[in-house]
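Notes for the one structure printed next.
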Amino acid sequence: MSTSILETKDLFYDYSGLQVLTGVNLQVEKGERHAIIGPNGAGKTTLFNVITGLYAPCRGKVIFKGQNVSGFKPHKLSRLGMGRSFQITSTFHNLTAFENIRMGVLSRMGIRFNMFQRVDKLKDVTRETDVVLRRINLHRESAVPANALSYGKHRALEVSLAMSTNPDLVMLDEPTAGMSRDETHSAVDLIRRLTEGKTMVIVEHDMDVVFSLADRITVLHHGKVLAVGAPNEIKNMQEVKDAYLGHGGV
Amino acid sequence: MNKFVRNLIMWVVFLAVAGAAPHVLGIVKTNVLVELATFALFAVSLNLLLSFTGVLSFGHALFYGVGAYTTALLLYHVEGFPLIPALLLSGLAAGLAGLILSPLLVRVTGTAFAMLTLAFGQLMYILCLKFREVTGGEDGVAGYDIPPLNIPGVASLDMLDSTVFYYFTVVVCVIGIMIMWFFTKTPLGQVVVGIRDNSLRVDYLGYRVRHTKAIIFALSGFFAGIAGSLFALFQGVVSTDGVLHVMVSFYPIMAILIGGIGTFFGPILGSGILIVLEDMIMRYTERAELVTGLLFIIVVLYVPGGFVWLWMGLVARFKARKLRMSKEVEA
Amino acid sequence: MSPVTAMYVAQAIHGLTYGMLLFLVASGLTLIFGMMGILNLAHASFFMLSAYFCYQVVAWTDSFWIALILAPIGTGLVGIIVERFLLRKVQKLGLGHIGDLLLTLGIALVISEAVKTIWGTESHQVLIPPSLQGLVTVAGLEYPIYRLFIIGLSLVILGALAFILFKTRLGMIIRAAVSDRDMVSALGINMPRVFMFVFGVGTLMAGVAGVAAAPMLTVFPGLADQIGLDAFVVVVVGGFGSLLGAVVVSLFLGELNSFGIQFIPRLAPVLVFLFMALVLSFKPMGFFGERDE
C-alpha cells in the first residue's frame, strides 16, 4: 500500500444526473506506467478530470502521495507534482512553441508572480526551455505559433507541456489520438523518454501503444473498474473482449 | 544592436517632436495634445484587459472616475496638498477599487464580464450622482487649486501654465505607458497572455489564475486612475458626466479597436486618430460622434484588427511583392 | 378604500406599466441572445428610434394610431437591415462575442447620434390620443386610461408572442434553437432566415414599446437610457435567453422602481445594479439561464 502514488477510493461523479463514474477504485504504484483502457464513453476523461481537480468528486476520495486531495484545484495539484495532458489539444494557441514550454518552466522554477524582471532576461529560464525544446525535437520550430505546427508536433507539444513542470505523476489522455502510424511511433518513443523514472497514467485506444508502454492496465467500463492486471493477463480476459465488443456489461 | 539604434532614433525623434510641439502649435493645439496623452494612457490601461487578458470591460470609467474624484476631493478639502502625492494616491485609490472588485470580476469572462463591469460602472455613476454632499452630483467638484510641482531646491513649476502642464502630462503618460509595456514583458505579463489564450491550461501548470487576474485588474485600475487624476488637474472640474458616464468607458474601446486590438501600441495610434479626427470634424459639425461611430462600425467590419494590422498587412504584402519580383529577376 | 391603500394601488399600476414596457424591450433582447448568442447593445436604441418615428408620423398624419402601426414596422425593418448587412457579416469574422458587442455598440452610437442630427437634441411632445386621455374610475379608484391601455397593449403582444412561440412550427424551431443552437442548424433549417425573423420581431417589439412610451415620457435623445440599462439587468438577472425570466424580472423591476422611488429615492437605482452585480457574480447565467456560454 505504501508504494502507491495515486489511489482513488470509490469515486463517483455525474453530469447533472448522468452517472458517469460509479465507484472507481484505482491504484497506481510509484514508478509504474499504468494504462487505462475502456470503450468510448466509459468515463476515462471524466476520471482524469476528477483526479486532476477540474471537477470535485460527488463521492469518494482521491489520494495523492498519501494525502487526501479530493477537491483540490488543478494549480494546487500541479504544485504537488501532478501533470496532465488533454485528449483535445489544449496548448496556448497563439503563443510560440518556446513560449508554451516556458510557461511550464517558469512555474517549475516557482516564478509565478514576478513582475519586476523581463522574462527574456531570465537566462536560466531561457536555457532550460531550450533544453526541453531540444529534447522533444521542437527546437527548430521554437518561434512557430502553436496553432501553426504540424498535427504531430502540436500533439508532441501538448504532451511536453504536461511534462514541462517536471511532475512526479503525469496523466496523459490519449496522447496519440488522430496520429498517423509514423507519428504514433515517434510519439511513443518521446513518451517513453520523457517519463523515464516517473509515474505515468495513460489513456489510450491504440492497443499496440498500450501493450508496448504499459506495465499494468486498468480496464474501465460503465464508470467502474472491470479488471486490473499485467498486459498479457488483460489481453486474454473474456470480460474485456466482451466490453469492447459491446455486449458485455457489468 | 540594430534594434538599439532604431529605438534610440525613435526616442530622439519622439522627444524632439513632443518637446517642440507646444512652441509650434500654440496653446489650443497643445491642450488637444494634453487630452491625447491622457486618453492614450487610459486606453492603454484598458488594453491590458482587452488585448492581454482577453476580457472586454464596459466599466473602465469607474477607475478613471475614482482617480479623478480622489484628486479633486483631496485638492478641494486639503489646503496645499502637493501634486505628486495627489496623483499617486488617485492611482492607488483606483487600483484599490480594482482589487476590491476583483473577487467578483475574476469569476466571469465573456459577455458576463462585460455586463458585470457595466453594472459596476453604472453603480458608481449613480452613487456619485446621488451622494451630492460629497461629490456635488451632476455639477461635480470644482474650484480647487491646482498645486505647482515643487522640486525642492530646484524649481516650482506652475501647473496653470499650459506649456508646463503639457510637459508634465507627457512625462507622466510616457512613464505610465512604459511601465505597462514593461509589465507585459515580465513573467507575470506572460502568464496573463497565457490566461487569455487558455486559462484552464494556466491553472494546470500551477498558476493561480484568479490571483493573477486580480493583480492585473489592480494594475490596470491604477493607471486608469492616474489618467483620471490628470484629467482632474487639467480640467479643474470633475463631474459624473465628465468622468463616469458610460461613454467614458466606450471611448477607449473605440481607440483600441481603431488602433489595433491585440497589440500594445495600437491603442496609442487609435487615440491619436480618434482625438485628431474629432478635433478636425468639430470644426465643420456639432455631431462629430456620428462620424466616429460610423468609423467604429467600419473598423469592426472591414479592419477588425485595426489600423496597426492594416499597416502591417500592407508592409507584409509590399515585402512579399518585392521578394517575388527579385526572384523573378533571378530566374 | 383608504387613501393609503389607494396610493399603493396607484403606485403598483405605475410599476406594472413600466414593467410591461420593460418586458416588451427585454423579451426581444433575451430572445436574440438566446438564439444568436448576441447581446444586442443597440436594442434600446431601436426603442428610441421608434419613438422618434412615432413623433414624425404624428407630425405628418396627426394620428397616433397610424404611428402605432407604422413606427414599429419601420423600426423592425431597420432591425432586419442591421441583422442582414452588419451582424451577419461580423459573425463571420470570428471575433467571438467581442465582435458582436463592439458592432452593436457602434450601431447604438450611430443611431443615437443620427437621431440628434435629424431631430435635434430638444424634447418633442407626442400627445395622447383624445380617446385615451383622462381617467377612468374602477372600484372607487381613478386610473389614467393611457396607462391601462399600455398594459392591455403589452398583454396583447405578450399573447401573440406566446402564440407564435408555443403554437407554431416556427416557434418550435426558435425554442429549440434557444436551448441548443448547433443541433437545430444541423437539421437543415434555414437558420439565417430564422435569425432575421427573430431579430426583426425583437426590434419590432422594442418599437411598440417606444411608441407606447412616447406620449408618457416625451421624445428626447436620452429616452432609452434607463429602459435600456434596465433591460440588460432583466436579461442578465432573468437568465440569458429565458423568456420566463424576462417576464418575472421585468415586472419585479417595474415595481421595485416604482416603490423604490417612493420610499428610498436615492438608493432605488443603485439597488437594481447591485442586484445585477451580485447575481452575475454568483450565478453568471442568471436565475433562469440554462446554457453555459
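For reference, chains read A, B and C in written order, and residue numbers begin at 1 within each chain.
Convention: contacts are C-beta pairs under 8 Å (C-beta built on N, C-alpha and C of every residue); 3 or more make two chains touch, one makes a residue touch a chain.
In this text, all values refer to a predicted model and were calculated from it rather than measured experimentally.
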(message) Suppose chain centres are the mean of their C-alpha atoms. Which chain sits farthest from chain A?
(response) C
(request) Report the most central chain, judged by the distance from each chain's C-alpha mean to the global C-alpha mean. (result) B
(request) Would you mind pulling out the distance in Å between where the CA atoms of chain A average out and where those of chain B do? (result) 42
(request) Indicate the whole-number Å distance between the mean C-alpha point of chain B and the mean C-alpha point of chain C. (result) 34
(request) List the centre-to-centre spacing of chain A and chain C in whole Å, with centres computed as mean CA coordinates. (result) 49
(message) Using the touch definition from the top, which residues of chain B touch two or more other chains?
(response) none
(message) List the residues on chain B that touch chain A in their complex, please.
(response) 182-183, 185-191, 193-194, 197-198, 200-209, 211-212, 215
(request) Within their complex, state which residues of chain B touch chain C. (result) 50, 56, 104, 107-108, 110-112, 114-116, 118-120, 122-123, 126-127, 130-131, 250, 253, 257, 287, 289-290, 292-294, 296-297, 300-301, 304
(message) Which residues of chain C touch chain B once you look at their complex with the stated criterion?
(response) 39, 86, 89-90, 93, 95-99, 101-103, 105-107, 109-110, 113-114, 116-117, 229, 232-233, 236, 240, 266-267, 269-270, 273-274, 276-277, 280-282, 284-285, 293
(message) Per the contact definition, I'd like the list of chain A residues that touch chain B in the complex.
(response) 52, 54, 73-75, 78-79, 83-84, 90-95, 99, 102-104, 106-108, 111-120, 122, 125, 161-162, 164-165
